[in-house]
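Listed after this line are the structures, all set down as structure tokens.
Note that chain A is present in both complexes that follow, paired respectively with chain B and with chain C.
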Partner chain A sequence: MDIFIRSASQISFQQPLDMQWLTAPIFPSVAFNPPLEPDYKQFVSPVESRRMGHLLKRAVAVSLDALRKGDCSMPDAVISGTGLGCIENTEKFLNAVIDNEEECLPPTPFMQSTHNTVSSQIALKLQCHGYNSTYSHRGTSFDSALLDAVIQIQLGQIGSALVGGYDEMTPAYFRMLNKLGYWRTDEASDVDSLQKSGRVGSISGSSAVSLLLTSSPSSEKLCQLYGIEAFSCFEKNQLPAIYHDFLLKYGIVEADIDAVMCGFSGDDSNDEMYRYFVAECCPQSDVLWYKHLFGESFCASAFGVYAAACCLHQQKVPTHLYYMKERKRDKIRKILVFNCFQNIDGSLILLSL
Partner chain B sequence: MEQLIEELKREIIEVLNLEGMKPEDIDENAPLFGEGLGLDSIDALELIVLMEKNYGIKLQNANEGKEIFKSVRVMAEYIKEHRTK
Partner chain C sequence: MREMLGIAPDFAITRTSLLGRIALREAVQMAVLTKIGNRRVAFVSGTTVGGMEKSEQFYRDFLENDKRNEYIALHDCGACTEMIAKDFPGRISFQTTISTACSSAANAAILGAGLLKTGRADIVIAGGTECLSKFHLDGFNTLMILDSQPCRPFDKNRQGLNLGEGAAYVVMEMADGAAARQAKPLCRLSGYANRCDAFHQTASSPEGEGAYLAMMAALQDAGLQPVDIDYVNAHGTGTPNNDESEGHAMMRVFGNRMPWVSSTKGFTGHTTSAAGGVENVISILALTRGFVPANLNFSEKIDSLDFTPTTEVKTHVNLNHILTNSFGFGGNDSSCIFSKIS
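So, the complex of A and B:
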């Protein structure tokens, strides 16, 4: 059964709910990059939003925007990926535990500190009583949510799904990870520095991406979701075999893949696997990246899929998405998104025109 | 009493995150739940926490809440009488 990405929406440090990043990208110059917030009043009333933290507002906004763009009033399922859920609320609750000596704890941050609040809140807003699920698998949370949606559609359980990747970077969480050496210094956070090897640390981002998946073709679709595979606990030298099995499974050859979208972040410990994958598996493909535009987060791979879908739809890959090897192509037919988290978990997601 | 009502209104706006609302927008005699501010059961929990944290009042009986949270003025009167801090 064919599956399509009919529409998509994002909030990041690029212009929100918009594809301006294709033509007028915002390049970060520091490591901490809070998202640009849209006017949430167009999506939720102040009464509704008063209990929502930033992540929930973003999730609801991109979900409603994706549905609007896809001309769909009600999806059959809401499936989300999130590494840490509403960490802002978790922090509020934990701080209250300390400040109030474990007494007088506020109920709202407690309720919203659970990971599945995001999917639930979207479903509540839509009054969607269908399948609702949340995946919290660190760097492959979004990929797992997408895989679930594909399986549900293939099984005929659902005909459409709102699939999202949501994570937020708070100042406190950023500081903690900074102590562990996760982030670049502000002086080395520009795009040129991120591409130089021998570096440690990446730039942070917050993710809110929503895709509307459908089994029915539409002239308004962004692209087709041609194939998806998730894998865990693999060794580097197993990657070529995983890749070739993937190609076989979907009946394609390497030459069919015009570009591969990789999660290069500027941190050598992260980028090494991507360099290996490109060199060993798809040396003929163009190599694209996205984390210099959307930052690193547990659900950053959602931006990879989103960016690839936009490029296929526009039939244009902007120069600033090329990590290396820009070739002139008459048509972009297939983009493979490769995501790898800490060299442990990975996924291959193939999008087609 | 008027000072306490004013203080309570500010605290309610803060804990319930009533964005864009000012103390003068809240009628101290209007019902907090249903009509008036239109608060709900989760707000009731937040108000119980507010009373305990800011005024040292522990509500032992949930039914008491129905009376105490009738309006900001009724709430302020109860606080004035029972506060321990």
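So, the complex of A and C:
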């Protein structure tokens, strides 16, 4: 069964709800990068807005925007990925529990702290009673959500789904992860230094990406979702076999893949797997990246799929997406998105014109 | 638990992961997953609390010093699943974490069925794990849905839920896959559905729309009529809102032919993200051993409902189909139907 990405929307530190990042990208210069917030008035009332945390507002905005762009009023399913859930509310409630010694606590931050708040708020806003789920699995949270949507479509349970990746980075969580060596210093957060090997850390971003998946073709669509495979607990040298099984399963050969979209982040322990994959599996493909434009977050892979879909739709890959030197191509037919988290969980997502 | 698992006292691991590892070991042993050759095993685990029980103890350390840094990376839900999966005696070919609050483990089984039916895994281990934390105990308390007495599901004077903790996994495979490795299945997952109430972030609609839709879609998925269901293992938390809403949804589904109904949370407490797993296991035990578990602490019927739960355990009964409900915050309502293998 054919599955299409009909429309998409994003909020990040690029211009929100827009594809301006293709022609007028904003390059980071520091490690902590809050997103550019759109005007939420078009999506939520001021009363709703006051009650919602930042992540919820962003999630509702990109979901409604994706539906509008895809000319769809009601999806059959809402499936989200989020590594940390509404961490802003979680921290608010956690601080209250510690500071107030468990007395006189405010209920709202707790109510909006669970990871599934995002999917349920989208459903509530749309009055969507269909399939509704949330994946919270580190760097493959979004990939798991996308896989679930594909499975439900293949089983005939649903015909369309809003699939999203949502994470917010708070100053406190940023500080905690900084202790684990997650982030660059501000001085080393520019694109040139992110591209140099042998360095530690990356730049952070907040993610809100929504894709509208449908099984029915329409004249307006971004691309086809040609294949998806998710895998875990693999050794580096098993990667070529996983890749070749993937090609075989979807009946394609290496030469069909024009470009591979990788999650290079600037952190050497992260980037090594991508370098190996490119060298061993697809030396003929162009190599693209996206985390220099959208930052690192548990749901960053959603931007990889989003960016690849936009490039296929526009039939143009802007120079600033090339990680390595570009080759001349008349047409871009297929882009493979490879995501790998801490060499434990990975996914291959193939998008086609 | 560390002792049971042979884990050193200073090894960094969260309570949620310890609970999960114990349940995983039991499931692996019972399903004899130690000799499975190159079969692809997927692990789908539900949790919401994740590492919060450690984070709430060490949060000030996380921010102010370097004493407990090893627990920072164990905070999130996925880290918890990863830590459990490391104990599996073989390769996990795919692992993921579902977090739909109190229906997480039921949705894990639903994804598991999808992975098997689409040929993405040969064996799936699906369920959930959750430990107690101050965070969600206090959270439920702010919503005034905790009962200081033992919980009284479906009782007129019920005051709320009792929090519990636990972990449970079921091992799932397609019939031919099980036959090929001479595994004896306990029962069939004959139908399931996931629907959304889309009513309120933490409250259920009075008519139980999401619950009704989930039960009806699960019946349709199984190709069964309401009259075919012998027993409903209800979500039945004991909160005023859930039990009335779920009760109305069951009346809409079953009319005046209500099957045996009980909530087993009087025995286990509400194990939140693990609840769907724990209750799937209880339902499978009931089906295979022919008993209906009792609904504890019931004395008086809810005014607006036409039925009472089963208050005494019924033994030596023949059950063919059991429906089990798992509902969560956010209106995440799921139902699974387990059927006897004919």
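Some notes on this structure:
Everything below uses one rule, namely that the second predicted complex is superposed on the first by the 353 of 353 C-alpha atoms of A that agree within 3 Å, B and C clash if a C-alpha of one lies under 4 Å from a C-alpha of the other, contacts with A are read in each partner's own complex, and residues count from 1 in each chain.
What we mean here is this: a contact is a pair of C-beta atoms (placed from the backbone, for glycine too) under 8 Å apart; a residue touches a chain by one contact, two chains touch by 3 or more.
Predicted model only: the values in this text are computed from it and were never measured.
In the superposition on chain A, contact of A:Arg199 is made with neither chain B nor chain C. After overlaying the two complexes on the shared chain, residue contacts for A:Pro106 are found with chain B and with chain C alike. Taking chain A as the reference, the larger set of touched residues comes from C, when chain B and chain C are compared. By the touch criterion defined above, A:Arg68 lies against neither chain B nor chain C after alignment on the C-alpha atoms of chain A. In the superposition on chain A, contact is made by A:Arg50 with chain B only, not with chain C. According to the touch criterion, the shared surface of chain A, contacted by chain B in one complex and chain C in the other, consists of residues 105-107, 111.
Of all residues in chain B, only 15-20, 38, 42, 45-46, 49, 52-53 touch chain A in the complex they form. Taken in their complex, chain C has these residues touching chain A: 47-48, 50, 52, 55-56, 59-60, 62-63, 66, 69, 72-73, 76-79, 81-82, 85, 91-101, 107, 111, 114-115, 117-118, 120, 134-136, 138-139, 141-143, 194-202, 209-210, 213, 328-332. Partner chain C is touched in their complex by these residues of chain A: 78, 82-85, 93-94, 97-98, 102, 105-107, 110-117, 119-121, 123-124, 126-138, 140-141, 144, 147-148, 151-152, 154-155, 172, 175-177, 179-180, 230-234, 298, 344-345. Residue ranges of chain A in contact with chain B, taken from their complex: 46-47, 49-51, 100, 103-108, 111.
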